[in-house]
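Two complexes, one shared chain (chain A), two partners (chain B, chain C).
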Partner chain A sequence: MYLMKKNDVKKIAKALEEKYTLYGPYVDEAFGQCFFDKVTADNVDLNASIPTNPPKHVVFPHLETIMQYKYDKTTKKADIAMVFDDTPKALFGLRSCDLTGLQCIDRFFLGQEFVDEVYRHHRSRMFIVANTCVVPFKQCFCVCTDSGPAAQEGYDLNLTNLGDSYLLEVGSEKGKAFIESFGFAKATEEHLKQKQKLVEKSITMFEDIATESKAWVSRVMNRVTTGFIKEEVWEYIGNQCIECGACSYVCPSCTCFNINDANTIAGNTERVRTWDSCSYEGYSRMAGGHNPRKPIEDRRNKRFFCKLSYSQSKKYLRPGCVGCGRCAWVCPGDIGLPNVVTYIRREIHE
Partner chain B sequence: MSYMPGVCTFCGTGCGHYLKVDGTSVQGVFPSRVHPVSKGRLCVRGWNIHELLGTQERIIKPYIKDSGQANYQDAIARLVSALSSYKPEEIAFYASPRSSNEDNFALMKLARLVFKTNNISLQAESGHRNSLDVLYNGTGFAGMLGSLEDIRKAEVLIVAGMDITTQNPIIGSELHYAARSGSLLITIDSRMTKIAKLSKKFINIKPGTMRIVFDAIAHYIDKQQWSDTKSAHYEEYKKYLATVPFDSIEKETGVLPAEIAFVAERLVKAKSAAVFFTSGISGLSYDTVASIYNLFALAGKIGKEGCGVNPIAGINNLQGSFDMGCAPDLLTGFQSINDATAKKNFEKKWGQELPQFKGKTVEQLLADSSSPLKALVIVDHDDGIVKYADRLKALPFVAYIGAFTNKVADFAHVVLPITTYIETDGTFTNAERRVQLSVQKCDNAFDVLPMWKLCDTIAQAAGKPFNYQSASEVMDEIASLTPSYEGISYKLLSKKHGVQWPCTKKNHDGTKYCVPEKVSFVLPQKPYAAVQATQEYPYLLMLGKAQHYWHQNNIMHKTFIPLREYNATLLLYPDGYVALASEDAKKIGVRDRWPVKVVAEKASMKAMVMISDDVAPGTAYVPYFIREGIASFLLAYSDIVSQGEEATIPVRIEKV
Partner chain C sequence: MSEQKIVTVPEIATIEEIKDEIVDVKTFYLRFDNKEIDGNFKFKSGQFIMCTVFGAGEFAVSLPPSPENDRFHITVRRIGKVTNALHDLQVGDKVGIRGPFGNGFPFEEIKGKNVIYVAGGIGLIPLRSSIVHVLQHRNEFGRILLLYGSRSPQDLMYQYMLDEWQKIEGFETFITVDNGTPEWKGNVGIITTLFDKVEIPVENTVAFVCGPPVMFNAVIKELMQRGIKDDMIISTLERHMKCGVGKCQHCAIGRTLVCTDGPVYTYRQIKTLGEQI
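Moving on, here comes the complex of A and B:
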């Protein structure tokens, strides 16, 4: 645990930049939208608002070539090569919700019988610097999904803005080895208490809906799991879905993907992996034409079962939702997860 | 930092997005949260636009039919010598409503200045042109009168016969948000669309009776003397309204008089109201658009904030393409080619007289086997004109200009590749007249020219160079010749989410909603002609779009996710489908996915049944489609199909 000056943040970013491809929040010059993407130590902005895109594209790109093959007609041989991205990556200034999202994705791609090698290569040699949210944003409800406002685990270093200085917590051996050479002053228990106070204050600053009852989401999880939600509620929600797929695309913990082969102009064939969404009709259609989730309301409730049921929590050891609120930003039907939770709770209270 | 701001170029909504660009390839897309129209939303197409932009199905080299791959110089020389050997009446240019304003202006200039022809037109000509004609005749503005940004300011919102959450999903979303915050959303349609389900009031009308319904609402307002309109031609309009069959309205349209009264009252009493209808390939007829417009003129809902008569263009730059004069009788900004002042300005700027002869649209020239058409230049088109395959094959010269591979290119004697829209600068004008700049985001990997540059190069080869150094210079020329674009320049548009025309030098902020100097009623041209079902043909067949069958799907074919979605429906219904109400399916004795024959007087087609209670009993619905069987059926009814959204064909459905 160290204490460092505000200017020292850049020093860490600079040092990381030498060894890693640096990813972090930055603000778009033209219109002021915040993204999490490749940055330099000079333009990374820890004070920027929560990035509009989650960092999952770093390890699970929107569109990615995962295999290439070429068939030689004369020798009748096919060259097949998997495509891996081994570049060491540093995620700098990750918010706790996004870090939790990354852990959810880890459990899906790495934590089961089948280990996804493409993902593993992205994820190995990664350095993570988390950033405590001392002020929440309007749409946030991570306090209800056990994913913030401060990261508990999964980071190499964690930064907390104490006002005039940063508290730097070490979360791994890798983080310890990296930070030792900087010679920062040691922080004391007092500083940790200061952080705790800031986090507690941050929690009081969340929108009412998230703080009046922290069981806001868990009560609904119970309801979703036990299956007592009326058809009409799902229909009401499903009717408002226009099947754009945005909720899955912006979700830090959604992992659905599709695989396609495409010929290239150079004469190769590439196997590409793209993001996919359970809101699409073609997603759950099986060979032979049967579709267990054809009506839109069935596809909608599938998503919320995935985010809010015990069976999923058992698998991923937590709710599938990390409380970032991005799905509410992008939903053309205004049925982002917070609204769905509200509709289900409304039914509980009726 | 690879997320670069831009404009989505699928439909006429013109949503703002960021493309994730890496070198010459696009790796992803993300919505823009501060865009005034889309506010952080995209639809299924917009969310997968990078799949299209990254497709390998590109045209990368010029091509001459007799000699194979060629360089630009030879291919252009061939094009110029071919076109120069025909009379201007024998040459035609088929512009694309997807091209940027600069590209279409350069093409229009090429047609008129270099090859001296007025035969230039757009696909989707009829639908949007009807809307523009009505609005121009009524108000002097040839574009949407209201603003998409103002949707939430309207107290009453009417969607007229448009599956808006499918065609322009983000406008549909905006209507949904408005309804949730208290606006009265009314859908008037023959099918229970998604927006109908989201509406507070759905009025189910018999197919093909939209015009009578709107006239009936106006008739009611007039009868109640609720309007104090001072608009021109009121007396004639009043006389016309007297002919509305109000007493038999339920029989004619399926709408109860009480429903007519409800809409009339709410419309008149609201402070602001806007109406949305489809415009484009499946637009409405002139008379129906006139009825809708007249109702709003009568109710005093024109020229005020939150009000608007809003034709919604299905294609990204349909509005802009008309603004650029891609029509036989138009110069830029809807100036008539016979307007002496406009003509003089163009001739002075271009140093040459404009062609005098009355041009025709490409559709007219292709459909008429005795037309003089000999040479056709087609730009980046959907497969819509493949229906004239025999005529195309027989033409002595066809040139195709495009970025992506396309079936139409097979007919071409010369093929010229161009860049995609992200590989050059360009502006696009969305349905609400918003001119948005899309700056170049990457170089193209194949050394191909942007279209504005290609047109200049062709002009140069023909001895009349345009001398454009950049797309920005093309816009400067557009501004100098177009009163509604007068104040627009790249400097003004940069770092801005567009400006709505009219944008003059005095008014650089543009015009959110149009305030006409004078409002006139627009008198319909033809008598009512609603099609009736008969005993022999008891079902009224409607034609429409379905989301993943977007237009002719030439574009969706080049993506992964939207293509998969389109295949999901196609695999279930390989011959296309005809949607029937469950009670009708029972009557005919068929179940979902059973094959049937749809028989009309002039033609028949095979299709599979989709049982859907979104269609009313006694009606049937076929999506605007791609399968050959349906295409030939539609060809036999091309006169009816050209009525767009109102196209209604009485059919009988036989179990096979």
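Moving on, here comes the complex of A and C:
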């Protein structure tokens, strides 16, 4: 545990930049919005609001070549090679919801029967600096999904803005080795208490912004898992979906992907993995045209099943939803996760 | 038995022989180029593989050969982009194979039982593995029946095998077609019409059902009416698959994934999944 001055944050970013490709939140001047992407130590902005996009594209790019092959039709020879990206990457100023989302993806890709090698390489040399949310944002509800406002684990370093200085907590051996050379002043128990006070205050602020429905996540999880939800509710939700797939795009824990073979001008073929969304009609359509999930409500309820059921939680070891609220933010149909929780809650009441 | 599983990089296999089955359906006999894998490619009946057609893509396909003493092959209908490309290949061309994936048919649990196979159209392809396997162990089972229906006599899969099977003593085969031809001497009518003509064992019986969804639902109804329990009805499901290892999530049905938890399900499981077949 260390204490550092506010402008020392840049020092850490600079040092990380030398060893790693630096990713972090920055405010785009043209849009005035905050994004999470490649940054320099100069434009990374820890005080910016929650980024519009989660950091999942760093470990799971939108479009990624996972395999390359060349097949010679005359000699009938095929050369196949996997493509891995293990460049060292640093995630700087990660909010706790996004960090939790990253942990969900970790457990999903690495923790089951088959390990996703492409993902493992992305993740193998990563440095994570988390950032405690001392003030929640307007769409946040991480307190309801047990993923914030302060990160509990999974980081190398964790920063907390104490007002006039930053509290720096070390979460791993790698983080410890990295920070030792800076010679920051040691923080005391007093500072930790100060952080806890700030976090508690932050949680009370959620009560002002979060409607009571958001606190129903666990009750709704029970309902979704046992299937005690009327068809009409799913139909009502399905009717509002326009199949844009934006919710999956901005979700920190959505990882469905599609695989396509793309032929290049050079004569070889790239096996490309792209993001996909379960809201699209073509998602489950088979070659013959049979689609077991044709009605939109069947597809909608699948997404919420993925976020809010015990069976799916077994893969993530926590709820699939991390409470970042981005789906509510982007949804044109008003069926972001908090609203779905509300609809189901109403049904339970009536 | 050490199991060789090809998960990431496809193993290259050569097409040794191509056999025309029915219109748009061909059987491809394959041999792995890698000598260590060839002959050692162990799988369970009911499992599936991912087959890469170079330059076109990858598709999931069931394994029709028996796990014991059978030539390695796949039977594929020309239906989409990748299967079209596969059908255009010649003997000597290469494909890539990953697998085997999935759970497979419960061979040990059904020992000593009567076995009914009910197949519709090309639904016979995934069941072929189990049928041949069970016939290889004929004395470990009770009665063995095959109820098979297709649209017309020209659409009957594995015609040469059907002829052979009909000669096997103790293997009761019943074939029907929806639309007969003047030459067709057998039964005409959809598959459920066979149920009234065949004496179906109910006690100690397991039924394997595979076919298009409409046929599947009709057959399940018939079987249940006769008193065969839902956990004794076994089917193998098909889904849009991309990775084969439970990551892409395209094949999700309810809480399960067809590629890792399936493709073989009992009807009792299918009922609880809460999705269409």
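By our rule, the second predicted complex is superposed on the first by the 331 of 350 C-alpha atoms of A that agree within 3 Å, B and C clash if a C-alpha of one lies under 4 Å from a C-alpha of the other, contacts with A are read in each partner's own complex, and residues count from 1 in each chain.
The working rule: a contact is a pair of C-beta atoms (placed from the backbone, for glycine too) under 8 Å apart; a residue touches a chain by one contact, two chains touch by 3 or more.
Please read these numbers as outputs of a predicted model, since none were measured by experiment.
Per the definitions stated earlier, placing chain B and chain C onto a shared chain A by superposition produces no clash, and the two fit side by side. By the touch criterion defined above, A:R293 reaches chain C but does not reach chain B.
In the superposition on chain A, A:D334 makes contact with chain B only, not with chain C.
Within the superposed three-chain model, A:T274 lies in touch with chain B and out of touch with chain C [touch as defined at top]. Of the two partner chains, chain C is the only one that A:I80 touches; chain B does not reach it. When both complexes are overlaid on chain A, the residue A:R285 reaches chain B and chain C alike.
By the document's definition of touching, neither partner reaches A:G183: not chain B, not chain C. When both complexes are overlaid on chain A, the residue A:F257 reaches chain C alone and has no touch with chain B. Between the Cα centres of chain B and chain C, as seen from that of chain A, there is an angle of 80°, stated in steps of 10.
After overlaying the two complexes on the shared chain, residue contacts for A:G163 are found with neither chain B nor chain C. Of all C-alpha pairs linking chain B and chain C after the chain A fit, the shortest spans 7 Å.
Residues common to the contacts of chain A with chain B and with chain C across the two structures: 258, 260, 263, 276, 285. Within the complex, the chain A residues that touch chain B are 26, 28, 30-33, 35, 37-39, 43, 52-53, 57, 61-63, 239-240, 242-246, 249, 258, 260, 262-265, 272, 274, 276, 280-282, 285, 289, 291, 329-334. Taken in their complex, chain A has these residues touching chain C: 67, 69, 71, 76-78, 80-82, 108-109, 112-114, 116-117, 227, 255-261, 263, 269, 271, 276, 278, 283-288, 290, 292-293, 298, 302, 305-306, 309, 311-312. Of all residues in chain C, those touching chain A in their complex are 7-10, 12, 14, 52, 54-59, 79-83, 92-94, 96, 212-213, 238-240, 242-243, 245-250, 252-255, 260, 274-277.
Partner chain A is touched in their complex by these residues of chain B: 1-3, 5, 18, 20, 27-34, 40-44, 46-48, 50-51, 54-56, 58, 60, 165, 169-170, 172-173, 176-177, 180, 194, 197-198, 495, 497, 547, 560-561, 564-565, 567-569, 571-572, 593.
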